[in-house]
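Same chain, two partners: chain A is paired with chain B first, then with chain C.
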Partner chain A sequence: MSERVLTPHNKLRVREARLAYALLLPAVVCVTGFMIYPLVYVFLMSVFKTNRLGWLVKFVGLTNFGTVLSDIEFWRVTGRSLLWTTLAVFMKTFLGMVIAMLLNVQFRGQKMARMLFIAPWASSVPISVLLWSWVYNPQFGLLNHTLKITGIWPNPPVWLGYPISGFFAAIWVDIWIGVPFMALVFLSGMQSIPEELYESADMDGVNNFQKFKFITLPSILRIVQISTLLSALWTFNDFNAIYILTGGGPVNSTDILITSIYKNAFVYARFDQAAVMAIITFIILTSLSVVYARYYFKEDV
Partner chain B sequence: MALLALAGIMALPSTVFASGKSDAAAVQKQTATFFWANYDGVTEDYRKGLQDAFNKVDPNYQIDIIPVSWDQLKDKLTTALAGGKPPDISVIGTRWLLEYNDMNQLVPPGDYVSPATIDDIFAGAKEGVVNGKLMGLPVAAGARFLAINNSITTAVPKTMEELETMAIAANKPPEHYGLFMVGQKNAELTEFAYYFYAAGGDFFAKNPDGSFGKSLVNSPAGIKALTFMNKLANQDKVVEDGYLGMTRIQGHPLFYAGKIGYVMIGAWVESAMKQAGATFPVTYAQIPPFAGQKSTPLIITDSIAFFKGGKNLKAAGKFIDFWYQSEWKGKFDELAGFPPVTKKASSLPAFNTPMYKVMAEANVNAKGWPLIATWDQCQDVIWDAISKVYLQTATPKDALDAAAAAIDKINNIK
Partner chain C sequence: MMKPRTSKWRNRGKPFVIILTVLLLLIMLFPFFVMITTMLRTSKEVYISPPRWIPHTITFNNFFLVWSQYLLAGYFKSSAIIAIGSSALNMLLSIPAAYAIARLRFKGQQVALYLFLVVQMFSPVVVVISLFKTFSALNLLDSYIGLIIINAVFSMAFSIWLLSGYFKSIPVQIEEAAFIDGATRWQTVTRIILPISSPGLVTTTIYTFIAAWNEFLFALSFIQKQERMPLTLGLYRFVGRWSSQWELLTTSAFLAIIPVLVLFYIIQQRLIGGLTGGAVKG
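Our next item is the complex of A and B:
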């Protein structure tokens, strides 16, 4: 057996590699501790009966899954979560695109406009939602007051008091908070498109819509794909808008999966059933990510 | 194990640094944590002032008073307990005591608070007794009552039926409304309880051994109460516009702004009105019963619980001694608007007012929440029943029948 002789250069590389591993170790330990451990514990809770503090009491196999899946309310909430995500992501993408195009045009005060558009996204989400709860207030709220005094709607609805208006009022707040992010990433994509492409298109007499369809959109398609995926993941799990505005009411009619998980765990102390719902949420979102990733990388090839 | 190892690694530097301190200081200095419920009327200045005042007394015993809104308090406590990191002490609704005691999370306050402090508390206020042991120190207890804006009406109802007539007479929207009503689900079911108790209702049947039995929310009293509430809101229309979108916190400012004739409220009303700059005259009266029933107002009691998992319970006990035996507790009662629970504070002139007299009378027949561990779930179900009636998707009887069945299922009662 021949002994490998390390040159001074190789010794240095080994030492550097060891140092790199040592520096990475705390991060690896943290990620394992804070991501893997909770996942495993949630899985355990889903197959155990838990007490009112969420501690494991007795192994029950798939009983908790049976209880949750046979509950009609669970399917309503799941359907509403999908509707919520689809509508909100579509609107965020559409409005984000429009705003990005507007902000991509050179005009006086462009920088200020960009900064202002970022504000809703840069602000604390719970505080933004709280502000909106006051905007929607039927007595003191800015929205109803404006609608009344301008005569646009003399008897405006109690936005958060009814199932349908409450749901759409909450969706609007989620959109309002999420649009700036979409606009920002679309804008950064648009700014990387070579100006020459548009100049050639101008010479060929291409109109604005055609420029968008044949130059802008294909150039930023990858960015659109990845940002809508991110937005879908965040929107599906957006707890603040619904919990702060309607608390899931009236009569649970605005609950989505994430608020329902919270209620089951912390209001009803049914941690085992909440864990089942969390796992189902995890499966839905992971499936979405996998489908997206396969499509994304397939196109790359 | 991984977490323990991680905790060990993370704790290592602090251990190394701590070894440089004197042993005496390392052993003695304690900082207790206190989850402090945000009471209407009790200001942030008060909380901070109290914390600073105690922390000046003895550097070895410190307090960290963490403000938490009532809506979040139960969730925060449950999370802290589940994670094995409870505060040393917390304000809790007395109705939660049973639940935490069942979970074996409490220690008797008497183990850490001096006998002098406990003896100074009125015997009648010591409601937090479980299995014969005082497990929660009363911090606030007060019956609800009717406040009447005299710039709108001076009529004092003797029955609920009279209240309806008077509220109709006082109603002049949009300038002002006859009566205040909460329509959006929030942390407590107080609104329904006012009417339910006024109709002679009880939430649960009592078993011979004293435990709670079947739900009685769909009793004739329950149906009468909910039918009446719905009539006020949707037929008489004497409540504020948009009541369906109003929680108590959002809606009470309407009364302070002089836009409501009658409101069923707690004693924080005076300090809240003062803070809102309200100047109109107010009279106070009992929440009236329905004709033929006796007056039975809702009484809310809150306690301070000591948690077994707390690491600085001695400091917590010293803080309670300081708070209850100084002028700070009387000031708290005055701001929160609750009648004092300590003999010392009760002698203060601030509590010799018409409002406190009404509250003292109300205490005689007042009734609290049922002490049942699943109460949060039960009240959530009742709230949904009320919302269905307000949204006119169910009749009071159908909604409450369904609620009673759901509550019995929650409590495993057949």
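Our next item is the complex of A and C:
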């Protein structure tokens, strides 16, 4: 340190760095205090026995992990989380693509349609989910009534009353929330494809499907990858749809990892087990976000 | 900006496109239709089986009833305080940090960059189970301050990313010229950088506001007192307790959604650009 000669230039450098640290300090303190520290504490909870208030009682090593991993319920919940994410992301991508293609055609009211398609994303998620619980109401809700009257489904289920229909009802709400984002992103991508590509394809007598496969899809591939990853992160993390709609019920049969962590901690006061599941969730999400970060920083294609 | 094209689909495909669009719109907007048709009925007409799509008598009475029947005004107040507080705190934390990342050279710049990217993906549920203890130790349970801090912190990473992008896109030469003219660093920030990046500031402020307005999990975990509940939690509890008053709930939902809907339409295009990292131009 003392050997370094402080030229005026170096002094400036040191001052600049000091200023930078000062400016970053509040943000870093907040992130450390309210994100990193709680995360470290969750790690601790997962290797300690905890009491009903979440206090660390005794170091038990990996015992909690053993308890959770040998519990069949944990695997059911994890399986449901994976099914939930896969199915929802697939449907969001598919429906998003269809809507983007429709909106990419010029027709009267096209701008209006675009505005309207955004609504589920723009609306408040917890409140939309509450609305859906009314829509799904078996006796007075308009969904079952509409399905019956139009003959689409003469005998619709009591959606939120049973494990399977409840789960699919919740997945649909999650899809419904996530589709607009995908549609808009895909649409922006499609609109940046040069028109000439399609014109020359027209001259070669290429059909619509081939145009989609050989022009549209390759051109927006990177956008599809990024938004699908982002959507997977959000979908895996979705707490509201299940918790507000079914509360994980009947009898925990619709719980996914995220709602199960919450219930284990705050309903059943099993903080150590909740912590183990939280750590596992954290690992899954972090690996997903590392992939997301890679794509995010990738310059071109 | 928007150049829809037709050549891909010959005109004969158009009716098909329009029919499919309308069909999908009907499906996607169905819950909003249900909300509107429910909030315009008397409670008598809400609970008939089979239900009706359109009520026989339309009433706006629910818009008066909601204010007296439960603490809707209180929920609105809480949501507003939390959302405004979070956006303000978020700005206070992210503008300096974003400036440092965009304009200053220091050791650990990469570390800071990655720190903010990683925490952007943090799952609230993962940390909430221990955050509860931190909050109770700091006496932040049942307080606006607690929710303001946590909402600001969880929006901060995204804000820093978006803002530092805006700051970086401003040519350094403008500031250098100002320095030569004797401007201080503070002046270059307040007179050059912030005004030029005002679209970014608006986007991040609105984004934080919306995120805090819509937040549910932290409120559910940290708020017990009725008078501190934001709209999301208040309405959720309302359903649990008075599940028989959907005409009032849909009316409240309508009122609660309007502010965020309007704000969202202002920023949606820039939001998409920020989330996909320039893969999509805003």
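In this section, the second predicted complex is superposed on the first by the 257 of 301 C-alpha atoms of A that agree within 3 Å, B and C clash if a C-alpha of one lies under 4 Å from a C-alpha of the other, contacts with A are read in each partner's own complex, and residues count from 1 in each chain.
Rule of thumb we're sticking to: contacts are C-beta pairs under 8 Å (C-beta built on N, C-alpha and C of every residue); 3 or more make two chains touch, one makes a residue touch a chain.
On a predicted model such as this, the values are computed, not experimentally measured, just so you know.
K.L.:
Taking chain A as the common reference, can chain B and chain C both be placed on it without clashing, or not? Answer clash or fit.
P.N.:
Pair status: clash.
K.L.:
Applying the touch criterion given at the start, work out whether A:20 contacts chain B, chain C, both or neither, answering first, second, both or neither.
P.N.:
The answer is second: A:20 touches chain C but not chain B.
K.L.:
Return first, second, both or neither, reflecting whether A:54 touches chain B, chain C, both chains, or no partner chain.
P.N.:
A:54 contacts both chain B and chain C.
K.L.:
Which holds for A:30: it touches chain B only (first), chain C only (second), both, or neither?
P.N.:
both
K.L.:
I'd like to know which partner A:267 touches here: chain B for first, chain C for second, both or neither.
P.N.:
In the superposition, A:267 contacts chain B only.
K.L.:
Regarding the shared-chain residue A:282, is it in contact with chain B (first), chain C (second), both, or neither?
P.N.:
After superposing on A, A:282 lies in contact with chain C but is clear of chain B.
K.L.:
With both complexes superposed on chain A, which partner does A:113 reach: first (chain B), second (chain C), both or neither?
P.N.:
It touches chain C, and chain B stays clear.
K.L.:
First (chain B), second (chain C), both or neither: which does A:161 touch?
P.N.:
The first partner, chain B, only.
K.L.:
Classify the contacts of A:87 with the two partner chains as first (chain B alone), second (chain C alone), both, or neither.
P.N.:
In the superposition, A:87 contacts neither chain B nor chain C.
K.L.:
When the two structures are laid over each other on chain A, which of chain B and chain C touches more residues of chain A?
P.N.:
In the superposed model, C touches more residues of chain A.
K.L.:
Quick check on the superposed pair: does A:206 touch chain B, chain C, both, or neither? Answer first, second, both or neither.
P.N.:
In the superposition, A:206 contacts neither chain B nor chain C.
K.L.:
Would you indicate which of the stretches 62-70, 188-196 or 386-394 belonging to chain B has clashing C-alpha atoms with chain C?
P.N.:
62-70
K.L.:
Both chain B and chain C touch chain A; at which residues?
P.N.:
Residues common to the chain A contacts of chain C and of chain B are 26, 30, 33, 37, 53-55, 133, 137, 139-140, 266, 271, listed in rising order.
K.L.:
Could you list, by residue number, the parts of chain C that touch chain A in their complex?
P.N.:
2-9, 13-14, 17-18, 20-21, 24-25, 28-35, 37-38, 46-51, 53, 92-94, 96-97, 99-101, 104-107, 109, 112, 115-134, 149-150, 152-154, 156-157, 160, 185, 213-214, 216-217, 221, 231-232, 235-236, 239, 246, 249-250, 253, 256-257, 260-261, 264-265, 268, 272, 275-277, 279-281
K.L.:
Inside the complex, what are the residues of chain A that reach chain C?
P.N.:
On the chain A side, the touching residues are 13, 16-17, 19-21, 23-24, 26-28, 30-31, 33-39, 41-42, 45, 53-55, 95, 98-99, 102-107, 109-111, 113, 115-128, 130-135, 137, 139-143, 145-146, 148-149, 176, 179-181, 184-185, 188-189, 191-192, 195, 198-199, 202, 208, 211, 222-223, 226-227, 230, 233, 237, 239-240, 244, 258, 261-262, 265-266, 271, 274-275, 278-279, 281-282, 285-286, 288-289, 292-293, 295-297.
K.L.:
Touching residues of chain B toward chain A in the complex: what are they?
P.N.:
Residues in contact with chain A: 2-3, 5-6, 9, 74-75, 78-79, 81-82, 99, 102-103, 105, 183-186, 240-246, 250-251, 253-254, 373, 376-377, 380, 383-384, 387-388, 390-391, 393.
K.L.:
Which of the residues in chain A end up touching chain B in this complex?
P.N.:
For this pair, the touching residues of chain A are 26, 29-30, 32-33, 37, 51-55, 133, 136-140, 144, 158-163, 246-247, 249-252, 266-269, 271.
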